[in-house]
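Two complexes are shown next, each including subunit A; its partner changes from subunit B in the first to subunit C in the second.
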Partner chain A sequence: MTYTFDFMAVRHGLGVLFDGLLVTLELTVAANVIGLTFGFGLALLVMHRWAVLRWPASLFVEFFRCTPAIIQIVWFFYCVPMLFDVYLDAMTMGILALACNLTAFNAEAYRAAIQAVPRDYRDAGIALGLNGWQRIRYIVLPTAFRAALPVLVSNGIGIFQQTALVAIVALQDLMYMGKSLATESYRPIETFTVVALIYFAVSFPVSQLASWFEHRRDRLAR
Partner chain B sequence: MDYNFAFVLRYQDALLVGLKMTVLVSLASIAIGCLWGFVLGMARGSSLRWARALATVYIEFFRGTPVIVQLFWVFFCLPLLLGIELSNMASGIVALSLYMGAISAESFRAALKTISPDQHNACVALGLSRYAEIRYVLMPQAILRAIPTLLSNCVSLFKESALVSAVGMADLMFVGQNISNATARPVEVLTVVALIYFVIAFPLTRGVTVLERKVLKGLAV
Partner chain C sequence: MMSTNTSAPLVSIRGLHKAYSPTVQVIKGIDLDMHAGDRLVVIGPSGGGKSTLLRVLMGLETIDKGSIAFDGQPYIQADEARGKTSIDTKVRNSIGMVFQNYTLFPHLTIVENLILAPCKSRGEKESVAKDRALTFLTRFGLRDKATVYPSQLSGGQKQRVAIARALMLDPKLMLFDEVTSALDPELVAEVEQVIQQLALQNLSMMIVTHDMWFAKNIASRVLFCAGGTIVEDGPPEQVMGAPREERTREFLSRVFHIGA
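Our next item is the complex of A and B:
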C-alpha cells in the first residue's frame, strides 16, 4: 500500500463538518418529536374498530415501511410541491419526509406495546369510572410507552442515520458537507472516515442507552 | 395540472432492467452477507477474547453509521487503499454485504444463545470434532431459529439497495430518477417506482409473519 494519510486536510474542514452535524441533529430531533407523538395516534388508528380509520392508517404505515427511505425523500422533494402546490423550504421538507417514515415505524412499535397492555388494566380503568380518553391517557399511554421505549429509541437512531439521505436532495447536513469536503480536498478516505466516525460517536452511546432501557424493562418485568 | 400514469408504461423496459439490477444486487449481498454474518455471529459468541472484541467493534461500527456513508467509503476509499479497480457494481455489493453481515450477525448470535450448553457437552461426550459440532449441531438449529429476523433483514437490505443509485449504479431507483428528470414528470415516475418497491417488499414482510406463525411453530424450534 502506497497511500499516505493526511488527516490535516480534514482538520481544516472540521468547522464545516460541525455545521453539517448541527443540521443533521436538528433534522433528527424534529423528526423524533413528530414521530413519537404522531406515531402513538397512528397506532391507535391502526387498531381502531372503524375500518374507515383503520384502512388508511394501515396503508400509510405499510407504505412507509415497505419502500426505501431514499425514494420517500426524493418523492417528497419533487412531488409534494407539484401535487399540493405548496413550496416549503428544504429543511421543512426533509423533516416532513423523515418524520412520516419514523411515524410509520413508531406506530408499529406502539401497536405491539399497546396490544401487550394487559386486558385487566383496562377493565380496572372501566371499574374506576374513567372514560375512554382517560383510559388511553392514564393507562394505555404510560404502559405502552414504557414497553415500547427500547424500540422507539432504536428507531430514533435509525432515523438519525437515514438523515444522511437528505444530502442527495442538497440539504447541507453532515453527509453533504463531507461529500463536498472530500471533493475539494481530494482526500475522500480521510474525510469519509472522519464523517463515519462522527456518525458513530453520536449513535453508539444512544444505542447503548437503548439496550440499557431494554435490559431494565426486562428486569422489571420479571 | 393533469397526470398521466399511462405514459410510464413506455419506459417499462428500462424500469425492468433497473429492477433486475436491484434484485441481483440484493440477492448477491444477502447471500454473501448471511455467510459473513454467521462467521461474525460465531466470533461474537466465541471464547477467544480478541475474536469477540474484533467482531463486536465491527458490528457496532456498521450498525452505528449510515449505510450511505459506508457505501461512499467503499466506493471511494477501497480502490485507493487496495490499489485495485472496483466497478460500481462490485463496490455496491461489497458495501451492502459488509452491512448485511453486521445486521445478520446479531440474529445469528441471538439464535446461537438459545442453544443450551448441554448440547456442547453432548458433542464432546460423543467425540464430535469442532467442525462436526458447528456443521451438524449448531448450524441447523441456529439457521432455523434465525430465519424470521434474517428474512426481515433481507427485506431491509432490499430497501437499502436503492442507495447504490447514489454511486451511479443503474438500479431501479437510478433508472426512475433518470426517467423522471428526462421527462420532467416526477409525480408519475417516482410514484410508480415507489409502488414497484412496495409491491415486492410488502408481500415479503407479510410472508415473514406467516412463516413465523405457521411454519416455524410447526417445526417446534
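Our next item is the complex of A and C:
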C-alpha cells in the first residue's frame, strides 16, 4: 500500500464536522421522539378490529418498510411540495421523512411485542378481577414495552445512521459537512474515516445500551 | 352447623356444555353442586375436561349450554340463541385461581404482584395492601423475597407467591389448576403444604391434579372426569379406594402402576 494517511490535513475541519454532528443529532432526536410516540399509536391502529383503521395504518407501515429510505427522503423533498402545495423548511422536511420511516419500523416493534405478551397473563389478570383497561395498562403495556425496548433503541441508532441520507438534499448534517470538507481539502479518505469514527463513537455506546436492555429483559423473563 | 342439604350450594352447575370447535367437545353435560368448605379434587385422563371445567368456573371461557350459580346468585349463563355467554364479573371477583405456569407478572416485584389487584381493582390503600401482603409472605416463608422479581425465585416459591396473590382478594372459592405439574419433584411438597394449610382453614377449593397421593390426602370429595362427563363422584375412600365404575378402576390402576 502506497497511500500515506495525513490526518493533519483535515484537522482544521473538525469544527465544521462538529457543527454537522449537531444537525445530525437534532434530526435523530426529533425523529426518535416522533417515532417512539406515533409508532405506538400506529401499532394500535394496525391491530385495530375496524378494517377502516387497520388498512391505511398497515399500508403506511408497509410503504415505509418496503421502499428505500433514500427514495422516501427525495420523495418528501420534491414530491410533497409539488403534490400537496406544502412548503416547509428543509430541516422540518428531513425530520418528517426520517420520522415517518422510524414510525413504521417502531410500529412493527410495538405490535410484535404486544402480540407476544403471553395469553396466560390475560387469564391471570381476569382471575385477579382486573378489567380490560386495567389489564392493558398494568400488564400488557409494561410487559410489551420492555420486550420492545431493545428493538426500539436499535431502530433509533439505525435512524441516526440514515440521517446521512439527507445530505443529498443539502441539509448540512455530518455527512454533508464531510463531503464539503473532502472536496475542499482534497483528502476524502481521511475525511470520511474521521466522519465514520464520529458516527461510530455515538452509535456504539447506544448499541451497547440496547444489548444491556436485551440482556436484562431476557433475565427478567425467565 | 347446618346440614349441607338445607344450605344453598356454593357452586351449582347445570347442564354445562362446552366445545372448542364443532369437533372438539370438551364438556358434554355436567351437573354439579359443591358446598362451602368442600375440597373437591378432580382427577381423570388428559383431555377429559378437568382444566376446562376450572377455566369455565373462573369465567375465562365461553360456554355453549347450561348455567352456573355461585353462592346463590346467577353467575354464568349460556344464551344459546345468540351464541353468547354472560358472565357476572362481580360474582367472578369472589373466585380465585392459581395456574400451572405461575403467571406472575415479570415486571413487578413480588410485593407489587400481590398488591396490584387489591389496589387497582378494589381501591385498597397501598400501605394497607402492603401490610397484608407482607403478612401472607411471612406466613408462606417468603418474607425475604418481597422486593425481588419473579425471575429470581424457584418454581415452588413462584407458585406460593401465586397462591398468596390470589388470597389477597379474599376469595370464597379457590381453583387450583395442576399447580404442581410444572415443578421439579423436590419442590412439589412446599406448594402442597401451603394448600394443606388453607384446607385447615376450611377454604372451599376445587383442585385439578395428577398427584394421586395429594388428591387422596386433601380431598373431601373426588370427581373422576373422563370424556367430558363426571363418571364417578364421592368421598376419596370410595372413588379412589373402591371405585364403582370400570373406567375409574382402569384409570387408577394405570396411574398407580398396579398390574391389572
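As a convention for this text, the second predicted complex is superposed on the first by the 199 of 222 C-alpha atoms of A that agree within 3 Å, B and C clash if a C-alpha of one lies under 4 Å from a C-alpha of the other, contacts with A are read in each partner's own complex, and residues count from 1 in each chain.
Everything below uses one rule, namely that a contact is a pair of C-beta atoms (placed from the backbone, for glycine too) under 8 Å apart; a residue touches a chain by one contact, two chains touch by 3 or more.
Since the model is a prediction, treat every value here as computed from it, not as a measurement.
When the shared chain is aligned, no partner comes close enough to touch A:A116: not subunit B, not subunit C. When the two structures are aligned on the shared chain, A:I139 is found in touch with subunit C, with no touch to subunit B. By the touch criterion defined above, A:A182 reaches subunit B but does not reach subunit C. Using the contact criterion defined above for the overlaid structures, shared-chain residue A:L220 touches subunit C, although it does not reach subunit B.
By the touch criterion stated above, A:L130 is placed in contact with subunit C alone, subunit B being left untouched. Contacts of A:R65 after superposition: subunit B is touched, whereas subunit C is not reached. Judged by the number of subunit A residues each one touches, B leads among subunit B and subunit C. Comparing which residues of subunit A touch subunit B with which touch subunit C, the overlap is empty. Residues of subunit C that touch subunit A in their complex: 55, 58-60, 89, 92-93, 95-97, 99, 101, 103, 105-107, 116-117, 120-122, 149, 151, 165-166, 169. By the touch criterion given at the top, residues 1-3, 62-63, 65-72, 74-75, 78-79, 82-83, 157, 161-165, 167-168, 175, 178-179, 182, 188-189, 192-193, 195-196, 199-200, 203-204, 207 of subunit A touch subunit B in their complex. The touching residues of subunit B, when paired with subunit A in their complex, are 1, 60-61, 63-70, 72-73, 76-77, 80-83, 155, 159-163, 165-166, 173, 176-177, 180, 186-187, 190-191, 193-194, 197-198, 201-202, 205. The part of subunit A that touches subunit C in the complex is made up of residues 118, 120-121, 123-124, 126-131, 134, 138-139, 142-143, 146, 219-222.
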